[in-house]
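One chain, subunit A, appears in both complexes that follow, with subunit B as partner in the first and subunit C in the second.
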Partner chain A sequence: MEWVYGNLQVILDGLMTGALYALIGMGMALIFGVMRIVNFAHGAFLMMGMYVTFVLYDRLHLSPYIGFLVAGGLLFVFGFLTYLLVLRPLPGQESFMVILVTMGLSLILVDASQLIFGADYHQINIPLQSTNIHLGPHIAMNAPWLVSFGIAIAMGSAMYWFVMHTMFGRAARAVAQNRYSAPLMGINVNRVQAMAFGMGAAAAGIAGALLLPLLYVFPEVGNQYRLKSFVMVVLGGMGSIQGAAMAGLVLGVVESLTSYYWGNEWAPVVDFVIFILVLSFRPSGIFGSQRA
Partner chain B sequence: MSGRKAQLIFSLAVVGLGLLVPIVIRTDYMLNIVFRVFLFAGLGLAWNWVGGYSGQLSLGHAAYFGLGAYGLAMFTNRGVPMWISVLLAVLAALLFAGIIGKVSFRLRGPYFALCTIAFAEVLRLTAKNLPNVTGGDVGIQVPLLFPHATQLSFYYSAVLLTVLGIGITYWLEKSKFGYYLMAIREDEDTALSVGVNTANQKLYALLLSAAITALGGALYGSLFLYIVPDQVLPLEISTELAIVAMLGGAGTLAGPIVGALILETASEVFKNFFKEANMLIYGVLIIVVVLFLPGGIVGTLKLKETPQKLDSESGRVTVDE
Partner chain C sequence: MRRSLSLLVVLGVACILVTTDCRKEASGNTIKIGVITSLTGNQAAFGQAHKAGYQIAMEEINAKGGIDGKPVELDIYDDQSKPDQAVQGVSKLVDQDHVKLILGAYSSESTRAIVPVVTQKQIPLIMPTAVADNVVETGSQWVFRICAGSGSFATATLDFLKNNGDPKTLAIIYENTNFGQANNKSMAAAAQAAGLNLVDSEAYQATSPDYKALLQRVKSKNPDAIYFASYLLDAGTLMRQSEQLNLNPKYYTSAGTGFAAAEFPSPEKGAGKFAEYTFSVSQWLPSAKWKGSQEFDEKYTKLVGTHPAYHGMEAYAVLQAGAEALKNAGAGATPTAIRDAIRNLNIAETPFGPVKFDARGQNAHPVLVTQIQGGKYKVVWPLDAAESKPIIPTPEWSKR
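Now for the complex of A and B:
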């Protein structure tokens, strides 16, 4: 029985992380689906969301559970402008050039936050952090994780609804299907792409905000998500946001189990090995039906 | 300076000046900067065979660089003679390049670049996680390749690496092998249809590139005497090699040399002038190069003279739609 409870606890912990991964992955999947580009600044966007929420809490005592909305809004605007100023002028938006440009952007953002906030690790203290919710005698969940999990699921669902049921969502999916025919149907591709990039950045920013009560914030905090967010896109089937969401949850659980049995340091290795295996044997992804 | 001969003359002139540098420069600090210029020129030339001429934009070259440094360190620490360790390190890089090539060359566009990153990251993280084998984050000692007159020997070795890079590139540009690679860059499907074994040609280019990169890594590691995974295996090394080649001009002979001259001196100047903000300036530099000089400096000069060569010289990759 001990073994069952242990594993159940580990899997539940993994789902908590996984919901946040799902939000990050959905943002990347939206960007990749609509634009066929890899955003290497995704981790930096997440870091920005964390710092925005941190400053709001530190200076204005605004709870991160409200602050995440501000972070999402700011990151949307930032992503929108990034698309207009940096990505749109790129000739042909070639994949490799976009990777390099977003890498450059990531360096700028990380270094800028280092200049502004210093390299120190910051943390916020909210009363919720000392609360544990007991599910039966053997399983306990830390309250901030549960709250972040809930908000992440809600935001992810909202994003899914938005892409599936609004005019923008339809236009975005049309561009994802065929970016040459979409403008013939009267879709303003540039605007859709700018919106999609903004929404993707917002998703990363919100995920960052929700991570603030759980992790330390420091300038390089987003780096581990740079490649990981694309692992979810590949696993979920290129550009499928529901696939990326599933992939995020699975990745969270896989990482949690890896950490439990082999140690924390092997979790990212397992991510990349899964990534390479999926690319080699099932490039259309595991959870998605959409083909790139 | 855009013709093939002119580029060769320019490159050899830089090497010639490089040989004279130690007469003027005496401090270890300055010599270290020119060492980096020639090391990264040589490695940029090697990256160029894969990333420039074949159009396979690898961001995983840190793997071969790190394997060179770690191979040298780990084999020597286990009692293998030093120069045989260098050879074994190169062989390890070749083996790994074979595996990476087999898997990643089937992918195109962003998937290829990301797959190469993933392989290099797996290596870096594994090196960090196995302290008993690699020394982990604590690091590992690397033997001194040249027991006498060390700084100068390292410097001349880097120059030699660049000369090797120039020689191979010059040969490549007019060889059948080189034309196969350029055909693959222009249109892989067409190259395949006219009978080029694209899979093999790409693999040969990668093997050649990995071997030279591993030599550079061994040289670099040995100069530092002590290495950690985050120093010789990070994504930053891969990016730096790509940027060196692309800043100067991917798919040109003089490109990586121009790129290394500018980037290595510039990043040193940034470090001194902007202190903590040096990565910020570096990021701006990357964006400016990609946005305004997509063909690189040499590529842009060449473009001015022969406009019809736009696509063949910018080293662009086709995205599979």
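Now for the complex of A and C:
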């Protein structure tokens, strides 16, 4: 029976990590879906969200569970402006150029953080971290993880609802389907794309804020999550945000189980194995439709 | 015509650059000693401890007149907790600043990286803190280590355990760079030699937020004792998550560093109440019986605001030893003469204990075992240095 409880704990932990991954992946999927942009600066947006939340906690003692709203708002504006000023002017938005530009943006953001905050690691210690919620004698969950999980699910659901049930969401899906016919339907493509980019950045920023009580912030913290977002977008089906969300949960659980059975150092390997398997055998992703 | 003119200009500029560089070397009013440590990055806490230790030693040496009447000046290079930066630091210190002696680095990873470089450039290196034994096993004649290594950590811990309850099973949890790997190797070998059953050995990446799966694995093997090799941030996360998973070995032991950091028992920067009852090896404590320890503790506390852990003392000790060697080697000594002077050092009494380097460059430094009791580090082993009795077995989390 101990075996069952052990695995259950591991799966639950994986789901909680997975919810954060899902939020990051949904942001990336939205950007890719609407604009076919592979956003190499996604990890940097997460890092920025983390730093904003850290500064708010450090200077104003604002809990990260309120600070995440500020981080999300700031990153939305930042993403919106980045799209309008940096990405839209690129001729034809050729994917190669976009990749280079977003990579360059990532480098600038990471190095700027290093200049401003130093290479030091910063952590926050909120009182909630000492609270563990026990479900019976065998399963325990750390309170900040649960709260981050809850908020991530809420934000992800909000994003999904927004894309599915609002006028903007419909416009975004139209642009994703056919960028050239969309203006014929009266859609302001530039505004939709800028808002989508902003929303994607905000998702990454919020995920960063939720991660702050669980980890620590340093300039390169975003890099590992950027890699995971690529895997999630591919696994979930290019541009499907619900697919990316599912993929995030799957990734979290698989990583956790791998750590449990083979050791912690194999967990990152699993990301790449999944990436290669999906690209080789089902490039349209688990939830993607078979389209070019 | 234009091409040869620009060529002349380039040559002229090059000449100026070369001569100004040569001119820098001849400023002989201070004795410059190179230092590499991690002032920023994930080991910044320890690098800052180093810096304070170096500063206190430098002030003491200069107050006594310096070396041959000249004050000591420290040329500190920040490796940002990255081994490739440490290697760059050696180049900068030796090729640009022309130092003849280097002290450092902080981590085993960075130190291991600079051993081949100092050997190739033939500059002596005194290592304050690198614990991995591979830093003194390369056969290089240019490196010296003042602190005890991972092999000594393992034997001291096992010694303590055998005489305090004699647990039968052990699990090792270690971070996956040189420091952790070296301690894992040393402890695994020592445990086998001592007849202790090693039931699990887990590596982890220090930047991961979640070790629960790993701790769950260890829990399922039910070890009597766990031996950690961790830095500060991961040590805190590991202890917090151990509580969450209700992991209750009879002994939490460790290879120092994160578990011996000054910040570790504090709630703001460390593990707070989750650090209680953990054992750690220690190279030195303010309450150590070596003369000068208390004075160092007072100076350090006045400078930094907190009591020193052993990392600050190690920096102090290598600078004092290095200065002594420079004095013995005499003014204008070559790096080779300085190296020989270090090798011939035989200081019976320092606040860090006796200093004498063997043929490998290793100083025979004794290892202590401490336990955190009431939020403070207390020496519990060996018996002639102990200030407190160990609290064993470790109380279960639910009963605290």
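Heads up, the rule we're going with is that the second predicted complex is superposed on the first by the 287 of 292 C-alpha atoms of A that agree within 3 Å, B and C clash if a C-alpha of one lies under 4 Å from a C-alpha of the other, contacts with A are read in each partner's own complex, and residues count from 1 in each chain.
We take it that a residue touches a chain if its C-beta (ideal position, glycine included) is under 8 Å from a C-beta of that chain, and two chains touch if they have at least 3 such contacts.
What you see is a predicted model, and the numbers here were worked out from it, not measured in a lab.
Colleague: Clash or fit: how do subunit B and subunit C relate after the overlay on subunit A?
Modeller: Taken together on subunit A, subunit C would fit alongside subunit B, as the superposition shows.
Colleague: Which partner chains sit in contact with A:Leu115 here, subunit B, subunit C, both or neither? Use first/second/both/neither.
Modeller: After superposing on A, A:Leu115 lies in contact with subunit B but is clear of subunit C.
Colleague: Does subunit B (first) or subunit C (second) touch A:Ile24, or do both, or does neither?
Modeller: neither
Colleague: On the A-aligned overlay, A:Ala244 touches which partner chain: subunit B = first, subunit C = second, or both, or neither?
Modeller: Touch partners of A:Ala244: none, neither subunit B nor subunit C.
Colleague: Using the superposed model, determine the angle subunit B, subunit A, subunit C defined by their C-alpha centres, to the nearest 10 degrees.
Modeller: Result: 70 degrees at the vertex subunit A.
Colleague: Between subunit B (first) and subunit C (second), which does A:Ala140 come into contact with in this model arrangement: first, second, both, or neither?
Modeller: second
Colleague: Determine, under the contact definition given at the top, whether A:Leu257 touches first (subunit B), second (subunit C), both, or neither.
Modeller: The second partner, subunit C, only.
Colleague: Mind working out whether A:Pro268 is in touch with subunit B, subunit C, both or neither, as first, second, both or neither?
Modeller: Both partners.
Colleague: Least CA distance subunit B-subunit C after superposition, rounded to whole Å?
Modeller: Shortest inter-chain C-alpha distance (subunit B to subunit C): 6 Å.
Colleague: Name the residues of subunit A shared by its contacts with subunit B and its contacts with subunit C.
Modeller: Touching subunit B and subunit C on subunit A: residues 263, 265, 268.
Colleague: Along subunit A, where are the residues that touch subunit B in the complex?
Modeller: It is residues 36-38, 86, 89-92, 94-101, 103-108, 110-112, 114-115, 227, 230, 234, 263, 265-266, 268-269, 272-273, 275-276, 279-280, 283, 292 of subunit A that touch subunit B.
Colleague: Tell me, which parts of subunit C touch subunit A in their complex?
Modeller: Residue list for subunit C touching subunit A: 40-42, 44, 80-81, 176, 202-205, 207-214, 216-217, 219-220, 233, 236, 240-241, 243-246, 267-269, 272-273.
Colleague: Quick check: in the complex, which residue numbers of subunit B touch subunit A?
Modeller: 57, 59, 103-104, 106-107, 109-111, 113-115, 117-119, 121-122, 125-126, 128-129, 239, 242-243, 246, 276-280, 282-287, 290-291, 294, 316-317, 319-320
Colleague: Sort out for me which residues of subunit A touch subunit C in the complex.
Modeller: On the subunit A side, the touching residues are 2-3, 6, 9-10, 13-14, 17, 118-121, 123, 125, 129-130, 132, 137, 140-142, 211, 214-216, 218, 221, 224, 256-257, 259-261, 263-265, 267-268.
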